[in-house]
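Only one structure is covered here, and it is reproduced in the block below.
So that you can tell them apart, the chains are marked A, B, C and D in the order they are listed, and the count of residues begins at 1 in each.
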Amino acid sequence: MNFWAVSTEIFILVIMTVALAVDLVLPKKETRRGIGYLVISGLLAALVYTFGLYHTGPSMTFFDGLFLEDNYALFFKQLFILGMLFSVLFSLDYVEKNIKSPGEFYTLLMAALLGMCVMASANDLLTMFVGLELMTVSFYVLVGQRMDVPDSGEASVKYLVVGAGSTAVMLYGISLVYGATGSLDFAVICRSIQMVFSIGLAGIVLVMIGFFFKLSVIPFHMWAPDVYQGAPTPVTALLAMGSKAAGIAVFMRALYAAFPLLGGYWIPLLAVFAAICMVGGNIMAIRQTDVKRMLAYSSIAQAGYMMCGIASADAAGMKAVLFYAMLYVFANVGAFAVLTCVEVYRGGTTHTHLTGLAQSAPLLAAVMTVSLLSMAGIPPTAGFSGKMYIFTAAVERGYLWLAFIGFLMSMISVYYYLLVAKAMYRDLTPEEETANTAFRIPFGVRATVLLSVIATVGTGIYPELLAMLTNLASQTFMR
Amino acid sequence: MSEFALTHAWLIPLLPALAFVVIGFFTRLDKSISAKIAISMISVSFLLALGVLAAVISGPITMDNPLIQKVLWAKMGTLELSMGVLVDPMTAMMLIVVTTVALLVQIYSVGYMEHDPGAGRFFAFLSLFASSMLGLVISVNFLQMYAFWELVGVCSYLLIGFYYYKISAREAAKKAFITTRIGDFGMLLGILLLQITFGTLDFMELKELVPAYIWISGTGFMTVVGLLLFIGPIGKSGQFPLHVWLPDAMEGPTPVSALIHAATMVVAGVYLVGRAYFIFSALPAVMTVIAWIGGFTAFFAATIAITQRPFKRILAYSTISQLGYMMLALGVGSLTASMFHLMTHAFFKALLFLCAGAVIEAMNEEADIFKMGGLRHRMPTTFKCMAVGVLAIAGVPPFAGFFSKDMILAAAAEVSMPLYLLAAATAFLTAFYMARLLFVAFFGEVREDCPAHETNSYMRMPLVVLAVLAVVSGAWGHFAGFGEWVYFGAVQEEHIDFMIAGSSVLLTLIAFALAYEIYVAKRFSAHLLAQRFGILYTLSYNKYYVDEFYTIVRNTFVDKLGAVLYWFDLHVVDGVVNGLAKGVGCLSCVFTALQNGQAQRYVAVFYCGVIVLVAYSVFCAVRILNLLGGAF
Amino acid sequence: MIDIFSLSVMDIVNWSLHVGLAHFLLLAAVLFSIGLYGLLTKKGIISTLMCVELMLNAANINLVAFNHYRPFQDFSGQLMAIFSVAVAASEVAVGIALAFRIYREHGSIHVDELNNMKG
Amino acid sequence: MGFPLLSTVLLAPLLMALVICFLPREAREQIRVLAAAAMGLATCLTLYAYAAYDTAVGGMQFTEQIPWVTDLGVSYSLGIDGISLPMLLLTDVIGLASVFSSWNIEKRAKEFFILLLILIAGVTGTFVACDLFIFLLCYEVVVIPIYIMVLIWGSTKRVPKEYSGMKLTIFLLMGSAFMLVGIVSLYLGAYPAGQRTFDIQALIMASQMGNMSAEFQIFVFLLLLTGFGSLLSMFPFHSWSPDGYAGAPTAVSMIHAGVLKKIGGYGLIRLGLMVLPLGAKFWAPLIAGLAMINVMYAAYCAMVQKDLKYIIGYSSVSHMGYVLLGFAALNVVSISGAIANMVAHGIMASLFFSQIGYVYEKTHMRSIPDLKGLAHYFPRVTIGFMLAGMASVGLPGLIEFVPEVTIFMGTIGVYPFFAVIAIAGIIFTALYILRMLAKVLFGPKDEHFAKYEDQKGVEVLPLLLLGLFLVGFGIFPELLMRVIDSGVQPLAPMLAALSDVPMLLGGGF
């Protein structure tokens, strides 16, 4: 039992328990802000620590291979931790203001993070399932954390109902795969010839559907807009970055490690769904006025882009996906930090709430614009490099039409991203002018947005660093 | 001296350009200094031109071996555009004409522009025009000629529109530019065709190449080129049907009319045909066209001139008519006659215009000749000069017009009788309407309200000089042997065919007598005549409605069509774009309508997806089984 | 493939008497379908959750049955079933809690009344 | 590698924009002076480069190269040759002029100059980039600042500025989507995996080595044509242009019409022709036809416009037709003419827009019926209008003459029919330009304008700067042609070989 392999998870577990304990010992009326700082520092340490775990040799394993701590997993864990770190950082005020019991909130966040990390290094269906459910169930609760807003509860219920259904489907799929191969271990499944028969194939699609739900792929996406809109903004951010990225992580591992021989079976499937996502997501996002909801639809489209990378099924594609997932985190952090700040001060995230932001808080407006453009893939933001990576891989695989749809749709997406920019930058009517009061940007938010925008533009102009990291991650996995 | 002038001929156009720059940038606001600069520069050019003339007369330079200097102007790939100087007798003659008239007109303008605040601008433009015209004259290749051709066009645009606050002036300027532009279009096409056919535009090289080409591959293609080239002169020299701009151009200040629209710019067309004579003369079809267009224009314009009332407009139509003469001469193959007439005409027409200017200024901008009368008592000098001009243009010996016109008639008579008759008739009409002008404006008794008075010395001096030139230039040219000097191909010997000369002089005298009877002795009333020839009179008085016709054409084929196309742009091209945008929006509506907020609807859609995918998996399974050949 | 139409009545009787893997798979499938039907039709959150339970357990039956009838060397199937039971329990717990909250906010626990967010 | 001249030219505006970010909003004076200083520096360096460029040697000079993204084969490599150098000069001159002509901006000046400098830097980058990736980076940078500038400082006339800005942005981005697909497949098709690169020279090498089949070239060229064509406002894709210019503030109109549009032509020559000669050859007749339509159709539309900016918008569409025609003829002369024409039109159009902008800034009028007899009160503006107008009419001695004649000479032998129609365009150009000038500038005094005063001080600088080039390059075209020729000469053998390839589409009209 090599406990170093699970050291990251243990680290996170410790943070979680400490947060819980502190929450219990603190007197009731005492502010829980301290816990936030505690979590932040802990996550920072964890982030730094994980860098030490990158390796070139054989990867550490746990539970004789059920749990694999390779660079691929590490990359994603860092991604989760980064996302979580920033979300906590920019939502300190938000939590204090809107969340009834912050202690539990932070604890649950850590639980979700733990689930993600487990997923990232899951090397068999059981571990995967457990990690997935740990994350999902925590999110059910997190989504419902705003007691003052009915939408929050509604979102939570919808998430639960649809999510439970998808869990059932996935579990059923796992059972079929198990039935076909007699094992839950990716390695064994990969070797088994039985997969090619109907049970196995049905099992694979059902498992894939489970992930499609997490990635909110059309037509398994219907929960996403409502949940994104209803959930507390930081949670929405985490749903967009963490939950999705975790899904991607384990999805790719499952496809490449467990079902590589059936590539001819699932690659076209992915390609088609990627196209559907890119088209549908972007088109549906056009008419949204609530930015959170719009981002939900755009996240559907983003899932489509990433699936293009998965569909190309080679080192280049995987690296592209890793790259994209990371820059998507940067972009989301920026956007949601701004949204959180705006919601704290103006009590909403619709276009009208964002109006005149360019005068009252130029920094926020600029960051919002840059982040959205990064999602749209406009240079010099990172999104452009990411799209180049992804679509280059796709075209090389022979999916020119996919790349074409992708580029076209990302240009269409600029339209609704620019609508947000328009709301922020357009000149105001006199009464708006008076209503548009400048507001103090808390330090957390300021730091977050600056870091995120630097990361976005920096990666866009000089992608080399992130590219090297992704190479490391993808190659050790692909061998 | 003359050698220097010859080698530095490029200075001639450059000095006025310098004047333009200096006046334009620095002394624009001080009219007297501007005038001094302009006049000094042009007079230096004039001296140089004299030097060139002397050198040409004395030196070895003839039409067949000109002096050539070239500089590279622009080069791309194999294509080299160059600018330069080509001096041969024809050039020298033109240089003299242009510099002389320009100099005199500028001196005249000092008086004429005395009270105009914009005088500085005026002199700047005049200098610019002079330099462009001189540049055109010394061109070595078609491109240079085209370039300066355009430049003189713009100068005329600027000068016609000099009184820019007058709507009529601004419209006239626009009309002049556009109309000549139509000619330039054809000319440019011709030049381009020459370029791609021969790979050069240089006159001297083409002079070698073109005949060879025609000898090898016939005249067919070159005829097209020639006709295209000739469209340019039609526009510039106000030949029918592009003559309409010239009468309107009289909106400009009178010195401008004298310099540009009588003496120099309008003859550029004639000069071009003369310069490219080695092309035209080899193309009989084109020559016929030129001849007939020239002849017809001459007659046509003369018939209009008879009935016009404004002083300058009569002169304008007479200019068109005279230009027709020159074209006719070219068409019938006598370069010498054409150039000779060009020279004499430049002098006496400038004279006439300057007199007109003096008269109109004296009459306080009253242009209608029937509001004048008896001016000979008030303005004796002007009257004398005017009379000289009239006699000259009417071709009364020994005035200049007699010799040149006689030469043209002779040449025409050699080629075709109809053309000769046309020309002779024109001569008659010319004499008549000029006499009418003179008699109506200057004879009869002075009106009591007539403000006229003799003009100041600045304006009188040029009149006298030009009058002298109008008297002597013809005789000088005739006896000094203009023919051995400016010719194409072989020198044509000069003789006065007394048959032709006599008849034309006779016609002229009859015309004078007739005019005298009508307008001075008032034996028959002009009105009666007008009613007698009702239709003809109206047609002529309304210039045969050519302008109206063009207006209709412009409205339909430019404005209406433009409106239609713009509608197309707005509603079809742009409509498609907006339509697509709207379409995407509707699609968005449709999709989002599916999202009705019902959790169970979501689950249902979810499981639809599940079913589809399971079906796909089963389908694949069956396929695989078939592949394996039913191993179950 | 098995030619279904060439089966005689006797064969079917035999098949149904000798219980085997196929029966369990069939049962699981039927359970799953019933659960799905309920999930799609039931209005109350509680009954919806019960249906979800049915579906999850259908999967569990599969796992256990496979593990029993197929010659597999380990018991990972049954292990999986146990884990899934735990997961299902946690989901239901969250569900009940949410039901309370929804009842407090809307005065009913009908899922179909929760359609404030749409479009 | 000596002094990184091009990097300085590229980064000076960006860094200055960064500096301005930290200045207080009120320091309008300092901000605009700083912006002018940055552009002045860039312009001076460019002029130096223009003077120091060795036309005898030709090829890429002042090159800089730093490995950038290894696994995509991207390198930060800059350089200029005879084709990009005039464009670079154009960019910086117009950039400087646009800074001056937006001198009097009061409203949110800080943001304005930041965005303007970013915009200029982006355009500069596209011209100095030797690497396709860098080219793309800069290519799309420009779009977003433009949208925001139109949104804030734009003006609403026939269409609301929000609409025109969005139209412009989305239109160009749509085009660039096609282009991106083309470039990606170019990148993949040029070399086998492992030795792939975005370096343009390497791509040209690849096409010369025959790594790309004719079909591939034809397909990719079509994609590029769609992208660059819509930027160049080629006929069916032109409708963003007039609306966009009408909505945009002066500086944006100047830069957009002056240089941004030219990126399309530049890209067509740099990528379309040099990398995909066979594709170019295949589609050339189509381009020629569209070019003819551009010239006449846009001229006709301009004829009936009432708004000054719309007239210039359509006239620029019309002039781009000449550029396309020159490109389509595919010979040294015509292509030199096309490049020269891009420069000429850039100077001319931006001069026009700067003058219109000044008048609009003072009088808040732009439609022809409102404006009369400006010559009485705005003599300098009048000079500007006349210069620009006469240039676009193609007057000798001004910048447009030689390019036009060159294009005609190169074209008429290849597409006689299209060329003749296009040449007839000079008449219509004269018609609508002179009408506009006559109605707006001349005519009787209108006391209504007595209260406005003429350009003075800094406001005159755009006129002086642009007028200088307008006349200078007009009288001494060799200054311009020398450089362009050195850039086009290397293509001569390739073009010669191309002329032997039979024309597949259409045939010689």
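Here, a contact is a pair of C-beta atoms (placed from the backbone, for glycine too) under 8 Å apart; a residue touches a chain by one contact, two chains touch by 3 or more.
No experiment lies behind these values; they were computed from the predicted model shown.
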Checklist entry - Which chain pair is joined by more contacting C-beta pairs, A-C or B-C? => result A-C
Item to check | Centre-to-centre distance between subunit C and subunit B (centres being mean Cα positions), rounded to whole Å | outcome: 97
Checklist outcome for this item: Rounded to the nearest Å, the gap separating the Cα centres of subunit C and subunit D is 66
Item to check | Separation of subunit A from subunit C, taking each centre as the mean of its C-alpha atoms, in whole Å | outcome: 29
Next on the checklist: Averaging over Cα atoms per chain, report the distance between subunit B and subunit D in Å.
Outcome noted: 35
Checklist entry - Which residue numbers or ranges of subunit D touch two or more of the other chains? => result 170
Checklist outcome for this item: In subunit B, the residues touching two or more other chains are 592, 595, 597, 599-600, 603, 607, 625
Item to check | Multi-chain contact sites of subunit C, meaning residues that touch two or more partners | outcome: 36, 39, 111, 114, 116-119
Checklist entry - Between which chains does touch occur? => result A-B, A-C, A-D, B-C, B-D
Item to check | Partner subunit A, residues of subunit D touching it in the complex | outcome: 68-72, 107, 111, 133, 136-141, 143-144, 147-148, 151-152, 162, 166, 169-170, 173-174, 176-178, 180-181, 184-185, 187-188, 193
Next on the checklist: Taking the touch rule as given, give the residues of subunit B at its contact with subunit A in the complex, in rising order.
Outcome noted: 584-585, 587-589, 591-592, 594-595, 597, 599-603, 605-610, 613-614, 616-618, 620-622, 624-625, 628
Next on the checklist: Which residues of subunit A touch subunit C once you look at their complex with the stated criterion?
Outcome noted: 125-126, 129-130, 133, 137, 140-141, 144, 147, 150-151, 153-158, 160-161, 164-165, 167-169, 171-172, 174-176, 178-179, 182-185, 225-226, 229-230, 287, 293
Item to check | Complex contacts: residues of subunit D adjacent to subunit B | outcome: 167, 170-171, 236, 238-240, 297, 300-301, 303-305, 331-333, 336-337, 340, 373, 375-376, 390, 394-397, 401-402, 405-406, 408-410, 412-413, 419-420, 423-424, 426-428, 430-431, 434-435, 438, 441-445, 477-478, 481-482, 484-485, 488-489, 492
Item to check | Residue ranges of subunit A touching subunit D (in the complex, touch as defined) | outcome: 319, 358, 362, 369, 373, 378-380, 384-385, 388-389, 391-392, 395-396, 400, 403-404, 407-408, 410-412, 414-415, 418, 421-422, 425-427, 460-464, 467, 471
